[in-house]
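Below you'll find a set of structures to go through.
Both of the next two complexes hold subunit A, though its partner changes from subunit B to subunit C.
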Partner chain A sequence: MSKLRNVAVVGFAQLPVVARDEHRTATEMLYPVVRQALQECGVHRDGIDYQIAGSTDYMDGRPFGFVAALDVMGAWPPRQDLHLEMDASFCAYYAWVRMQAGECDTAIVVGHGKTSEGDPQRVLNLQLDPYYQAPLGLDPTSTAALQASAFLARGAATAADLAAVAARNRNNGVRNPDNQLRSPTTANELAQSPWAVEPLRQGYLPPVGETATCMVLAAEGKAETLCDKPVWIHGVDHRTELQTLGARDLSRSAGAKLAAERALAMAGLAKAGDVDVIELMAANPAEELILLEALGVDPRAGKPSINPSGGALCANPVMSTGLIRLGETFRQLSGRAGEHGVAGASRALAHAAQGHCLQTNIFWVVGSQRRWS
Partner chain B sequence: MKRPVAVVGVGQTHHTTRRSDVNIAGLVREAVDLALRDAGLEHKDIDAVIIGKAPDMLEGVCQPEQFLAGALGAHMKPLLRVHTAGSVGASTALTAVTHVASGLYERVLTVAFEKQSEGNAMWALSPNMPFVAPLVAGAGGFFAPYCRAYIARTGAPAHIGPLTVVNARDNATRNEHAHLREPMSLEDVMNTPMLWEPLRFGETCPSSDGAIAMIISSGDLAKKGPRKPAWVKSGYSYAEAMWVPGRDQVSPKAGQVCAKHVYDKAGITDPWNQIDTAEIYVPFSWFEAMWLENLGFRGVGEGWKAIDRGDTKFGAHLPINPSGGVLCSNPIGASGMIRLGEAALQVMGRAGAHQVEGAKTALGHAYGGGAQYFAMWIVSSQE
Partner chain C sequence: MNEPPKEGIKYVETTVRLPYHYVAGDYKALYLLALKEKRILGSKCDTTGKVFVPPIVASPESFAPCSQLVEVADRGVVTTFCVVNIPVIGRNLELPYVAASVALDGAAISIFALIQECKPQDVHMGMRVEAVWKPDGERQGDHEDIQYFRPTGEPDAPPETYINRL
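Now for the complex of A and B:
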């Protein structure tokens, strides 16, 4: 890998995830988060070169939800800007690309969505092919169940493994104050919860939740002035696969595997197991096991630490869940993770996904030291 | 820009009220195939795909890029989806430019589309927001007051809007892709019903189905291609807040700042004389006069005079929208990229019957939101 520009995460803020923030619009939820992220970096809005937002109109139940975000992101005087209809982790990726192109030195990345305005199960049905798949009435839980079934049918895991993975995430999540679910549980308890769609039980799935998130990125030279412990981006890659559920092997994630391999190669790491912390955006335990298989990591090995935050099972605010994974690795490597901190962590992997059945995946490798000298 | 970047292929569908012969994926694929063929490339030559479109409610598919991954040839590639309201087509192409400029990608396919016949744009563009009185008047109802404010400020005579349409329609007769290709006289336009004072039915963009795709390439590979590329000299996207008291909706600061940045990077100090043609985003007639000022082509209060003198007609000093522009074709999400693509075709010398003779430097421009999002590029026949 040729030498790239060192870019770091220097700030991250989020609201605690709740089922419904009754008193605030998505824009109002975003405002305090942007303020907090900038204040913690000690930078005024004039000190930010670039801004990029991730949201989806359908989740907000109206067109142009992101336009209102301009006001709270501080786009006055006018600022260079973009909005992606994607999880904000992909927005962070484009901010990183702009820094590689030398087009900016600092950027804020926000994710927002008012999931409680609608029914995510119905909204995400509308993401499927409108001619052949959406009319079947598939929703994300039923497509996830198809994927989990394919995974179990391959013999890659047992039903008990699903319960164990869910319980580990849930119990990790108790220590993370930003989570929506913070009650301890057991694999046995979750395995007895009612079916959502077989083989996925209700206890294996995250609740519907909403939040707002803001990350600050800065290139070398600026990053050190904004943060005592910048967390440096060592590698990143993202890949999409076909959506058509019958056209890919749902028991594996070929796109995740390729993205992870490329991100690790950019980071100069031989294998995913070389990191200390992995944060995965897995909305059910089968997804987590499929991703870990793609990474070549054994979840029972105890190292790396997988989802010390509790992962997406404890809080899944659409459009921010992925950025929170990257934000969590920032917290871990900069000593900001509090009670769920992993001692001595210096390298981490963060993932985000989009679409049904892990269709689109991004992997980040970050470290407490600069990647390129 | 960190390294030279060029447009090596442009593919555009014809734009019309209803493309019932193709579904959404078919429409997008048609543009992609045309762009690849134009560049003499195949899907295997493409490193990433950047797609844009306006609100998903226009077709009723949430994040349609997920289901379009196959039609886009994006399987196992990076795929990003941009949405910056009306400016999206332009900001999408600029996102692709940055990908190539960074050195991380050699060739990026960028695509924009809208299939308005799948839904109802008036409904989809009439959001009902908390604490904001619903206009339920679509984009025309939203922008008509901006046009009235421009007229009040400048004292522009009432025929300027209709005259802009006469020019646009005349231009579209030479563009085989345009949706509305029938010429209109000043009287014809004036006789159409008034929809939103001062905008008549004839002064309003159509609802179109259409798509465009471009191949953005590194300069090194562009030089090896079969055709003369269009060199991207500069390109930026700016946005400004909605509710700032100091905002000027008639000549938004974001548009001025973006234009200045784009001109500075391209070495343009006198846009009126250094730019040979411009494709600018004019969905409603009066915006041409407004943007002529906002983009620095004419001084404050002077934009309408250039139109009145005929300076912006085809074959005149600065031909504006030789393609016919948004007034003659508006597949919303694609319209911004069509402006950039048409500008590229002009400097490549491949704009066909609507080619501006000797065009070497061109501006492509789009705006969106409440005149808050601006995205533009300068392309040149010279590296």
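Now for the complex of A and C:
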């Protein structure tokens, strides 16, 4: 692996995830988060070179809603800006690439979206093709159930495993004050909740939630001045699979496997099990098990710690869920995770996904030391 | 088998229906409620003192909060305008009509407004105008509460008073 530029996460802020913020628009929710992230880094807006946002206007129902967000991002005098209709974790990747190209030294990455104002299931149905799949009324819950069925049918896990994974996440999530779900539960209790779409039960799925997020990234030389414990990016890779659901083996995630292998190789690690913490964006327990299989990690081994934050099952604010995973690894490695902190963590893996049935996956490997000298 | 069909299905028609239920946001809710009382609210930048109408929570220019709501006048000055000669979807207005930017007295930026009760060719930059409100009991707390603006007959405002409020 050739030598790359050391880039670090130096700040992360989010609002606690709620079902519905009755008092603020998406832009109004984002403003205090950007302020807080910059304030914690001790940097003024003119210290930021580049900005990028992850949001989708379909979710907010506001044409050019992402442009409205510029008003609260400190973007004056004008600076370079980009917007992706993807989870903000993918935005962080773009900012990282810009830094590798030497085009900027500092960046803010934001995620925003008010899922409660529209109907996310209907909106996400439109990600499918308009000829065969979308008209069937497939929504992300039903395609996730198709994937979970394929996974169970392959004999890779049992229904009881799904309940156990969901319960572990939910109980981890009790200690994370930013979560929407914070009540302890048991696998037995979740296994008795009503079906959402079989084989997924309502207790295995996160409720609709919304928040706003802001991460600050900085290259070596700047990062040390902005944060007492920068969390350095050691490796990253993302892969996209086919759009046609029937053309993929839904019981596996070939894209996640390849992306993880490439990210680990960039980080100089032999296997995913070499990290201390893994944060996965799995919106149901079958996704988590498929991802862990792709990583070659046994969730029963106890190490690495998987989703100490509670993961996406405790809070799934569309467009920010993946960035929160990366933000959580920053919190873990910089001593900012509070009650859900994993003692002694110095390496972590953060994942995000986009599209139906884990269509696109990104993996980040981060560490408390610089990767390249 | 692979020949294109001679007749039959050429198109797939799909109706996309996405309902939304927007939160107004506290600032806009207060602004809209005030319109019912013939009052126009703005928000004042904590750093520069500039007043934005309708109110916004932060100044895009200074990045500071606008934590104070203030009332501005329901009259001001035409800063720029255009004469519309083509029908606009959803608006049943007699052509031609004038759409203008109006900087209300006390506001740092202008709002969009119709100018009526004068000939289109008489509208000009610097012209003083005032709001014509819907009658009491008919205002709903929306932007239609101001029907349009009309000339006040006051002397024109000098350009330096509005050139930075276009």
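Methods note: the second predicted complex is superposed on the first by the 373 of 373 C-alpha atoms of A that agree within 3 Å, B and C clash if a C-alpha of one lies under 4 Å from a C-alpha of the other, contacts with A are read in each partner's own complex, and residues count from 1 in each chain.
Note that in this section a residue touches a chain if its C-beta (ideal position, glycine included) is under 8 Å from a C-beta of that chain, and two chains touch if they have at least 3 such contacts.
As the structure is a prediction and not an experimental result, all values here were calculated from the model.
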{"item": "Which superposed partner A:124 touches (first subunit B, second subunit C, both, neither)", "value": "first"}
{"item": "First, second, both or neither for A:249, with subunit B first and subunit C second", "value": "neither"}
{"item": "First, second, both or neither for A:298, with subunit B first and subunit C second", "value": "neither"}
{"item": "Partner chain in contact with A:79 - subunit B first, subunit C second, else both or neither", "value": "first"}
{"item": "Touched partner set for A:198, first subunit B, second subunit C, both or neither", "value": "neither"}
{"item": "Subunit A residues touched - subunit C or subunit B, whichever exceeds", "value": "B"}
{"item": "Touching both subunit B and subunit C, residues of subunit A", "value": "25, 58, 70-71, 74-76, 123, 126, 130-131, 134"}
{"item": "Interfacial residue positions of subunit C with respect to subunit A in the complex", "value": "12, 14, 16-28, 56-58, 60-63, 65"}
{"item": "Footprint of subunit C on subunit A - complex, ascending", "value": "20-25, 28, 31, 35, 45, 58, 60-61, 70-72, 74-76, 114, 116-119, 122-123, 126, 130-131, 134-135"}
{"item": "Sites on subunit B touched by subunit A in the complex", "value": "1-2, 23-24, 55-57, 59-67, 69-70, 74-85, 91, 95, 98-99, 101-104, 124-125, 127-130, 236-244, 246-247, 252-254, 257-258, 369-370, 372-373"}
{"item": "Contacting residues of subunit A [partner subunit B, same complex]", "value": "2, 25, 51, 56-58, 62-64, 66-68, 70-71, 74-86, 90, 93-94, 97-98, 100-103, 123-124, 126-131, 133-134, 237-244, 247, 254-255, 258, 354-356, 359-360"}
